[in-house]
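Right after this note come the structures.
Two complexes come next, and they have one chain in common, chain A, joined by chain B in the first and chain C in the second.
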Partner chain A sequence: MTEFETLAQLTVIATVPYLLASLGTMLGGLAGVFSVSQEGVMVLGASVGFLVSYGVGSNTVGILCAAGVGAVFGLVLGWATTSLRLDQFVIGLALFFAATGLAGLLFRVVVGQSGAQPLIETLPRLEIPLLSEIPVLGTVLFSNNLLVYFAALVAVGLYFFLYRTRAGLDLRAVGENPKAADSLGIPVARTRIWTATAGGALMAVAGAYLPMVYTGTFTEGIVGGRGWLAIALTFFGGWRPQFIAAGALFFAAMDVIALRAEVGNVAIPSQVLLVVPYVATLLVMIFAFRWARVPAFLGRNYDRESRTA
Partner chain B sequence: MSTPTVPVQTDAPPVPLHGGLRLLRNLVPYVLALVLAFLVSGVVMAVLGYDAVGAFTTILSTSFKTTFGFTETLTKWVTVVLLALAFTIPLAVGRFNIGGEGQLLVGGTAAAGVGIVYADLPAALLLPMVLLAGVLAGLVWAGIAALLMSRFGVNEILSTVLLNFVSFQVLDYAATEVWADPAAGVAATQTVGESAELPVLGGPPGVHAGILLAVAVSLASIVVTRRTAAGFELRAAGTNPRAAAINGIRVGRVAVVALVVGGALAGLAGAIEVSGVHGRAIEGMQANYLLLGIIVGLIARGNALWVPVVAFGISILEVGASSMQRTVGVPAEMVLIIEALILIFLLLSDVIAGRIARRAVA
Partner chain C sequence: MTTAEQPRAGDGASAPAGRVPLSMSGVTKSFGAVKALVDADFELAAGEVHGLVGGNGAGKTTLMNVLYGLYRPDAGTIRVDGQEVHVRSPRDAIGLGIGMVHQHLLQVPAYTVVENVVVGTSGGSGGLRGASRRIAELSDRFGLSVDPRARTDRLSVGARQRVEILKVLYRGARIVVLDEPTTNLTPQEVDALFASLREIVAEGTSVVFISHKVREVLAICDRISVMRDGRRLTTVRREETDAAGVAGLMVGELAAEQSTEVAAALGLTPVGAAASDAPEHPVAGSAVRLTVSGLEVDNDHGVPALDGLEIAVRSGEVLGVAGVAGNGQVELAEALAGVRPVRSGSVTVDGTELAGRPTQRWLSAGVAYVPEDRHRDGILGAASVTDNLLLGSQRSSAFRRAGLIDWRGVREHARRTIDRYSIRTPGPDAPAANLSGGNIQRLVLARAFEREPSVLVLQNPTRGLDLRSTRFVYDRVEEARDRGCAVVLISEDLDELSLLADRMVVLYSGQVVGERARGDFDAYALGRLMAGVREDA
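Now for the complex of A and B:
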């Protein structure tokens, strides 16, 4: 593999957690439910995914269990912000704390407080027949782990669902103007709850990806702020799957380049390189916020009986 | 994105109550939330096969059994209360400062820098300089986010979070390149001059004098938010931005000032950590203070009067957590779950209180 191919493949691999977590954020957000518990749900997904894989011996079961736990957190967020109409940021932060605590607790309870670090198999590389034979593109795109393909499918699927189907239009209407959507008979509460639930599941899978692809084990700092970055990325991508995918690639490329340069003895202090993704994001935000469309009802709760909203 | 309304508000119509009755009504949800949180977490611990009663006893008694435990709690309280105010003050205008740890770290780094470079100055001069350096650094750090927010409309949650990641590298640069101390064993700067260290009150073991600053800041923020025009503008801009703007309050500017003041307090916390606790800036010294600050701010419902009290309670839990892990074997993470449960039950009790109030009115 050439240097370029290696870097490109590392970038593709690093894209997945950003992409899945941001798509999850986007899905809930397009119906008006703004989650801020990504970081916690991802840590929990990593913990549950790792522990189940470790116990059962199957990564697939681990991923599914992580998704299930993430869905529960998304469901609670959706329910608390529709039926109870709690402030989205406050309950989101509360769920972030709960998920973070639960992740650490589960790991300690199952693994114990011993020094020995259990390991799981990382996800194998699946070469897609024929396509993986294509020079350069084949190695970069078509010989990756299962979740890379899954993330790509989710992104493409969501794009078509949201922008090419009636149900997708209805969903976006809920996040733009729930009162109008409600008057057309679109089930506002149900839409908000299921999108938040599915979003939570995607975030948890993004978390489960980390031990299964990178480390083979769980550590408390494993998510390392990717959850918070996913929020930034969702804004950055203007709440649309295609731009979010592009943004995720950009974030991932920044990560890979910074790490490479650090290893590769470049004459700049490594700290400067490691800061680049964050500063670049801030700079892009300055411009992105001028054109980025944000769902009009994002972060607000819908009260059918209210006369003002 | 819409400006979030003042947090933890219910849609219940406010029922006018007086004195003791109002206090009682405010206290009931807290008591309920505490009891339920302990009940649920106790059941969880019992199911997992731990000694729940022993765990709670340890958590709640560690701070009061020994002088050491109590001073540890007070020391923790100083940083927690400052970080909680750093979160709460911007929250009053509906802004979320998730950058407390970044502001703490740059504050600590700046304080350590001044304390190292001017180590020979007398304490009367150096100590204020060190603390001021922390305050200014935190102020600038939050100021970046405030500028991006007011000039370019960049969401402050995002900018403050992103700046946290930048701050890790700022400290790392100081601790590995500028004032590295290879003998420290961890990534840390050299120690600050002796005259840059906060004096210790009482003891041994004693509490560093930063606690006086934290008390002063807490009192000041209570007075300012409740008894001054600036505090009124702050609350007005948060409760109803439109009405505030119509009445001549420059809402945007209030938000900027609130965010910057929050950053300054977090920076002060960093300086106090350096000159009162560690004597140097250490990577990872932010611990989980950001989280604790947010939890305290939310449990206190953004009320400056409650913040110091809640911060003390959370400090007790945190100090108890590690001793619980040592003696009863329950992982310290359990305490984070208890704290989250307190917050969640508090939110739920608001909903219930709202429904009861509405029924009473109807």
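Now for the complex of A and C:
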């Protein structure tokens, strides 16, 4: 494998958590629910995913359980901000803290303080027949773990669902103008609740990916800010799956290059490279806000009988 | 065109014989302590345009929102085709063949016309292409021309209005409710809308036309129901009534004093007639309070909006500023109120130069401002009526004790003010945005007047207000004038200007292009000036 192929494949692998967490953020956001609990839900997803697959011995079950717990957090966000009309930002932050705390607690309760660090099998590489034999592309794209393919499918699927179907048109109308959607008989609260729930599940899977692909174990700092970056990435991608996917690749490439600099002997100090994703995010946020279209009712609750809005 | 059609069977008060597509009875709805609807009833006949008129807060829109499932009534029954129904959401209403075009266009600006029309009908057969064809078909049949593939935010207000009607027709509505559909339309667009409505009812659909513009209601409706104070007062047939009759029913006790003001507010008297009736008001000798010279101001995009403007207003004088919207009115109003930066030139009040000074200085110099967009610029919607009345005076020593705000005094003052200006509110602590348009304007005026201003700047102060509230505004302006205030009244309504102004200037492209003294307000001459034809040209 050439150096380029190695770097490209590492980038593809590193893209997944960004992509899934951002798609989850986007899905809820397009219906108007703006989550800020990604970081927490990802840590929780990592913890639950790791613990279940450690206990049961199956990564698939671990991923499914992580998704279920993430869905519950998304459901709470959706329900609290529609049925109870509580502030989205406050609830999101509360859920972030709750999820972070719960993640650490679960790990300590189940694993205890024993000295030996438990390990799980990382996800195996699945070589897609024929496609994986294409030179370069085959190695980079078609001999990866299951979640790489899953993330790509989610991105493509969401694109078609949101921008090519009537149901997607209805969903986006809820985030653009809930009053208009409501007046046309689209169930605003139900739409918001299910998108927030599905979004939470995707974020948790993004978290579960980390122990299952990288470390084989759980540590509290395992997510390392990827959840917060996912928010920035969603804005960067203009709340559209195709641009979010491109942005996720860019963020991942930054990660990989910085990591390489740390171990290899690149002329630039690795500390400088490690800062690059954050500086890039900052620049992107400054410039993306000029052109990126944000759902008009992002983060704003809807009350049918309110005359204040 | 568009006069009422031949009389139908049945007398005016009861519905014509035959199918009754809709009847509502005993509908009651409260918002907090405000009773928006009190035992209201309403009946609609097949194939009629039914006018629903009344002042601000009379309950017209609330009643129709109940019908459309947007508001849940506290009591009351709704029958569609004689069958009692429960409308819990717009989805139910659409299922019953009820469609509503709201006063504020409910569209997704970033969607195309087709997308806006089909949204919410998912499960409907065929792709967007099929929908496009159906929309084109409906457009043709009812004369609602619009390009289905155009992006909605690129369309004119008139075209967006047509999209709203298409939305309703696309869903197969047999009862179409239009809430003040003509507010932002040009006269030509209003004519076209009326022609389309005639086509729609010709096919057996019924239309409810909510409005407070008497002239339009008389032009299009077959029957007219008048609402006041949350109930239906009466229903009359078009041919049994006239403008004065409907106006009288709308305003109630004010009907007794069918004064020139009311007529002028309705636009029933031509410009000039009102002016000649009103007594001359002597201002010639009084002192100049407001002087504006060489005023240059930019608009929001940094483009010059006022170009060396010169005006002077005396104590006890009302200066009317006429002109077509977009010729610098907003910028003039904001510059005179001290909320828009003055690029160059001077604004003095009682000899004090204010240009370039902080807004607080303008306030303490006695400048009061009644903005055009009262919801956006006049109030803090989510703050209480009390807070809104305090706003701007929060640093005044009258409301301070030991360096802090004296809330007891503030509340006392709010209660007195609410009383004196008859602001209809559930209470001093209710959010200001919950008040009706007329009452929000009363609040804004109350705040301005309680400060005893020396200069009062008003822009389109009666837009969207009913007769009673309009009258209230006029009375307050005259009161301020009589107290020696210098009033600048910026308005697009020539009737209003003719009624109140002692002198009128015409604003065109950021400059004063002409001036007329009271008694010389000729609508045609003013119209030429407003169109930019210079007097000396």
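In the analysis below, the second predicted complex is superposed on the first by the 308 of 309 C-alpha atoms of A that agree within 3 Å, B and C clash if a C-alpha of one lies under 4 Å from a C-alpha of the other, contacts with A are read in each partner's own complex, and residues count from 1 in each chain.
Everything below uses one rule, namely that contacts are C-beta pairs under 8 Å (C-beta built on N, C-alpha and C of every residue); 3 or more make two chains touch, one makes a residue touch a chain.
Note that the structure is a prediction, hence the values are computed from the model and not measured.
Enquirer: State whether A:A261 touches chain B only (first), chain C only (second), both chains, or neither.
Expert: neither
Enquirer: More chain A residues touched by chain B or by chain C?
Expert: B
Enquirer: One more residue to check, A:M285. First (chain B), second (chain C), both or neither?
Expert: In the superposition, A:M285 touches chain B alone.
Enquirer: Please indicate which partner A:L64 is in contact with in the superposed arrangement: first for chain B, second for chain C, both, or neither.
Expert: In the superposition, A:L64 contacts neither chain B nor chain C.
Enquirer: Using the superposition on chain A described above, determine whether A:I128 touches chain B (first), chain C (second), both, or neither.
Expert: neither
Enquirer: In the overlaid three-chain picture, which partner chain does A:Q271 touch, first (chain B) or second (chain C), both, or neither?
Expert: first
Enquirer: Based on the superposed arrangement, let me know which partner A:A152 touches: chain B (first), chain C (second), both, or neither?
Expert: Neither: A:A152 stays clear of chain B and chain C.
Enquirer: In the overlay, answer first, second, both or neither for which of chain B and chain C A:D170 touches.
Expert: The answer is second: A:D170 touches chain C but not chain B.
Enquirer: Quick one: classify A:I186 as touching chain B (first), chain C (second), both or neither.
Expert: second
Enquirer: Would you mind listing the overlap between the chain B footprint and the chain C footprint on chain A?
Expert: none
Enquirer: Going by the contact rule at the top, pick out the chain C residues touching chain A in the complex.
Expert: Within the complex, chain C touches chain A at residues 31, 68, 70-72, 89-91, 93-95, 100, 102, 106-111, 115, 118-124, 167, 381-382, 431, 433-434.
Enquirer: Looking at the complex, which residues from chain A come into contact with chain C?
Expert: 165-167, 169-170, 172-173, 176-177, 179-187, 293, 296, 304-305, 307-308
Enquirer: Okay, in this complex, where on chain B does chain A touch?
Expert: Touching chain A from chain B are residues 1-2, 4-5, 7-9, 11, 48, 96, 98, 148, 152-155, 157-159, 161-166, 169-170, 172-173, 176-177, 291, 294-295, 298, 325, 329, 331, 333-337, 339-341, 343-344, 347-348, 350-351.
Enquirer: Quick one: which bits of chain A touch chain B in the complex? Just the residue numbers, please.
Expert: Within the complex, chain A contacts chain B at residues 34, 36, 80, 84-91, 93-95, 97-98, 100-105, 108-109, 113, 225, 228-229, 231-232, 235, 269, 271-272, 274-275, 278-279, 281-282, 285-286, 289-290, 294, 297-300, 303.
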